[in-house]
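Both of the next two complexes hold chain A, though its partner changes from chain B to chain C.
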Partner chain A sequence: MAKADARSGQRQTFRRSVHRNLTEGGGFIFLMLLPALLVVGAVIGVPMLRALEMSFNSIDFRRPAMAGTYGFHNYVRLFEDPDSWSAVILSAIYMFGTVVGSVALALSAALLTRRIVRFRAFWRVTFLLPWTVPAVVAALVWGVMYDGNFGIINRLLDHVPFVTGANWLINRETAFPALIVAQVWNEFPVAFIFILAGLHAIPEELYEAARIDRARAFQQFWHITLPQLRFILAVVVVLLMIMGFKSFPIIYILTGGGPAGATETLTVLTYNTAFRGLDFSYAATLGILAVIVSIILVLGYLRLVARLQDERGGQ
Partner chain B sequence: MSDPLAKASSDALGVQFSDVSKRYDRHMVLRDINIDIGDRELIVFVGPSGCGKSTLLRMLAGLEETTSGTIRIKGKPVNDDPPRERDIAMVFQSYALYPHMTVGQNIAFPLRMVGEGREQQRAKVENTARLLGLTDYLDRYPRHLSGGQRQRVAMGRAIVRDPAVFLFDEPLSNLDAALRVQMREEILALHRQIPATMIYVTHDQVEAMTLADRIVVLSDGEVQQIGTPHEIYNTPQSRFVAEFVGSPKINILPAKAEARGRHSTRVTLSPDCVFDADFDLPDGSGLIDVGVRPEALTTGEGALRLSGTVSHGEYLGATKYVYADVSLLADSKPCRLVVAVPPEAAVQTGQAVTIGFDPAQCHFFAADGSRL
Partner chain C sequence: MSWSPGWVRGHWTALFRTVALCLLGMAVLFPIYWMLVIAITPTGFSRSLPSIFPQTVTWQNFTSLFADRPMARWLVNSIVVATLASFLSLVFGTSCGYVLSKLKFRGAGLIMIGVLVTQMMPGTSIIVPLYILFRDVGLLDTMSGMVVGHISLVIPIAIWMSKGFFDRVPPDLEASARIDGCTRLGAYFHVSLPLALPGLAAIFIYGFVTSWHDFLFAHSLVHSQQLWTAANGITSFRGQYFTLHELQMAAALVFALPVIIVFVVMQRWIVSGAMTGSVR
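Let's look at the complex of A and B:
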């Protein structure tokens, strides 16, 4: 009798503690996050696990009999394949080029529009417009502009003495830079918004103090603006690196990775391997590599954001 | 009183404002400002908020443009010079320290901007830090410092340059009362050590009185009076100045006045309180304001007397203020007076009281506020 009582008492205590945990403790947080976690798990987690599994398999439509052969062969191939290394290097260059271009353009635009009083909204919207253009549309427009025969770029260059236009997207030397320019045009507004917000957060008095302290315009930029923007810029750089690394539509639509692989970044190589080469397992392996690089970039981003918040809190 | 005005004009001038005006769009902020500031003088611009004192300082600094008139520093017109060419240093209300630089880098910044040698920079920064007691903080960032320390760094950044003119824009208003008194002393000590003109803007009349060699009282964009603290307090040139300086505020009583001859006017405060004072009344007769400071009033005795009722008292330890309502002329409202009495004086609310004063200690102001 006493034993049964004790047991039901225990059961009640247990129930109460579960209830409390689900309504106010860590359990509650988990409960609230559960729907989102389920969705993310279903649409990202499951395919990713399938891809991971596939990367050890041998699903290649040109050699269907190999399917079901598991092993590390794809990873071995990844390390030996000169195409994969060149794709990683191209991705890195693309990332670097778009980051430098976008930050330089965005910083210039933000500095120019910061002190403008007249038509301020107009200028800002103008600089934001490229972002509203879908990458696919931007790619098509740039494709027309880059055209060797009737593209506006060569038409305009006709008027510049001693300069002859090129077949921008077909030429091996010019294709990759041309893609970077199109990408920069499309994505620099992201950096522009961040930097503009950062500029507005710098107290005007710092500039007044600097002027009194005999700093010239460039010295003010170098000693006040840049250091005050350093965390925003770091965040922007990492964000743009992620965007540049993931970038696909502009490259794929304009060159498809050509000419002869000169613009085949990791994402494009992955796509081409899967849907042109029909080697799905190796494509999955390339995809896993891309995911690892992305995760490293995202971790860097999160660390930066955390540091930025620390710094803000400390000031 | 030795005359500091005369001194200022005989010495080399530190700063000179000649007919300086400032306009924002159609709004006139400062009108025909004329101030001569002597070399090595500590002058305080004081006035209520919005009177234009900070704008005047910022115009001198070169942070605001001058609409008309001429500003001279050491005799040289500087209207068109950027701040960097004016040989001035400024301490801001918010300190405006560079948050990403250490204390040492903050202080060295003005030297770095003109490319001074590294060794020289170090020596000057160390000297300045020693002067301000910041030696132990040179490697810290501003965010790790207290308000008073930040204030010192801001002063250090100004001192290190050895400028011709120091500008202080309400530098103590973000500090607590005790620290403010301490920093006031330090600024005075600096003024004794550093041979430069100092211009100090504040809305706090106590700060103005304690710091200044001379005070410039501003109101509504115009100079009301320039003078030593003693002159400002004892011979205010307008009702505004009389009311602005002194705590508690000067008592202002309405009175009837009638000219009796040269330098003689009969003043009627109440039917029982009539006296002759030695000023001219241009209009012959009319209503004037009589100003008398709380410490010039007594309870009980005095050459002249007003009777009233005690409203309440304030005990401050060293002194006591009695607030009393007196009825004056039949057609004016009862007037509340503040009387400074010895702290041990016994006064009860509702008690009838006689307030005595000496006409020699009264200030007389015309209806437009100017001194008679």
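Let's look at the complex of A and C:
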């Protein structure tokens, strides 16, 4: 009798400890993490590893007999290929251009709408609207507007003296900036939301104190607004860097990488190598290169931010 | 009313602000206005519009969208996929973000970085292996496959954002709930989740828009026309030799409308959500 009691007591403590583990301890952590990590691991992690494997293989549909030949040949080709280097540089310029453009536009829009009282919701929605347009559609609209013969941009420029329109997407010099403008228009609302939220979080007393000290608007911006926005700007820039580096639909639809490779960023080159060149192994290698380059750029940027904060005494 | 220098300067700045705001707003709105103008132009005439104001107005593009093409079907697909994907990402992502924010355990930093790295892989370079994987497990050309794919796009951001929200929930609140006998799970459901609610709304919107707009996965992982999402449907007006701009812009506007409505209704939440997430 006493034995049975002890056993059921043991079972109870066991059950209780399992319950405790699942609602409090390591089991809880595991169960809460599992679904998210499982999906990300399966859908992105596994293909990433698969791409890594492919990058050492030779899966090229124009030379099917080569499949199964493993080696470093794709990486050797990567270093010798001038296209891959120019693609890395173009990706970096594109990323830089879209980050600077988006932050500048979002910051001006947020500063101008911050103290607005009337039509506040209207202005907010106005600056959020480009985000409702998917990149694919944004590319199509800008394509119509950029058109050399019929595009509205050239038609409007006809009315401006001393300025002539251009074949925006066909000229080597104008194609790349034109793409950056379209991309900035499409993605700056993301930065706008974050910066506006950050502005509203700055305590009003700081500005009142500055006004008593008769600080000019620019001085207020430089000594209060910017330092207070530091953290949020750092987050926004990382987000925009990743978005800009990965950007595909706008470039692909508007120029497809042309004219003559002038806009062939790493993502577009990867796509063209895979789906036009049918060399899937080399495309995978380019994808690995893209990951490495973007990790270097993002980590480098984060280091820079950390160092700047240290210099300013941190906070 | 005195014409003191300060008064004059103040009004000039206000005027300058208003003019700058209007100019910026017009520049930002112009492409959307132009979409509208093209969408109400009779098919085939948008290439030679004489002025920036619409001359002839027709609604035919909108009606033919629903009459001749399965636009309604595509929209329903988009709504189903985007709702499921953003809801599931929210549930999974926030629980992950909560654990990463509130509990100290080894490997937490590694998980945060690992999740961020998955976001850096350009979609174009994982699409081939993903296609093979989906084919092998039978998710190719199915709605559930699309939902799973979109969850993987949204969850990493959901984890990062929700960790930010939970970081802002004061630890004392949870501590006192736990003294009252709440378990970790109980404290999560009854204390932290309700406090992070505006932020969760922002995550849901972000996920919805990401899934709604996704083109690469939608285009590569689903072939059957009746399973297409609207993002995929819109590009079908872009032919190999010529493009039906008017129909396409009409479709784009119809496609953007649900998101615009969500934004108008929830703009306050979007801003405050972004705020709770990332301002420290």
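In this text, the second predicted complex is superposed on the first by the 269 of 315 C-alpha atoms of A that agree within 3 Å, B and C clash if a C-alpha of one lies under 4 Å from a C-alpha of the other, contacts with A are read in each partner's own complex, and residues count from 1 in each chain.
Here is the rule we use: a contact is a pair of C-beta atoms (placed from the backbone, for glycine too) under 8 Å apart; a residue touches a chain by one contact, two chains touch by 3 or more.
Everything numeric here is computed off the predicted structure, so don't read it as measured data.
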Q: Name the contact category of A:Ile224: first (chain B only), second (chain C only), both, or neither.
A: first
(Q) With both complexes superposed on chain A, which partner does A:Leu254 reach: first (chain B), second (chain C), both or neither? (A) neither
Q | Touched partner set for A:Leu37, first chain B, second chain C, both or neither | A | second
Q) What is the contact status of A:Ala209 with respect to chain B (first) and chain C (second): first, second, both, or neither? A) first
Q) Of the partners chain B and chain C, which touch A:Val46 in the superposed model: first, second, both, neither? A) second
Q: Tell me which of chain B and chain C touches more residues of chain A.
A: C
**Q.** Footprint overlap on chain A, where chain B in one structure and chain C in the other make contact
**A.** none
Q. Taking the complex as given, what residues does chain C use to touch chain A?
A. 13, 17, 20-21, 24-25, 28-29, 31-32, 34-35, 38, 46-49, 52, 91-93, 95-96, 98-99, 103, 105, 111, 115-126, 128-130, 132-133, 148-149, 151-152, 155-156, 158-159, 183-186, 209, 212-213, 215-216, 231, 234-235, 238, 243, 245, 248-249, 252, 255-256, 259-260, 263-264, 267-268, 270-275, 278-280
Q: Please give the residue numbers of chain B that touch chain A in the complex, ascending.
A: 61-63, 82-84, 88-90, 92, 94, 96-101, 109-110, 113-114, 143, 157, 161
Q) Which of the residues in chain A come into contact with chain C in the complex? A) 23-24, 26, 28-29, 32-33, 35-37, 39-40, 42-48, 50-51, 54, 105, 108-109, 112-113, 116, 121, 123-138, 140-142, 144-145, 147, 150, 152, 155-156, 185, 193-194, 196-198, 200-201, 217, 231-232, 235, 242, 245-246, 248-249, 253, 266-268, 270-271, 274, 280, 283-284, 286-288, 290-291, 294-295, 298
**Q.** chain B contact footprint on chain A (complex, rising order)
**A.** 203, 205-206, 208-216, 219, 223-224, 227-228, 230, 314-315
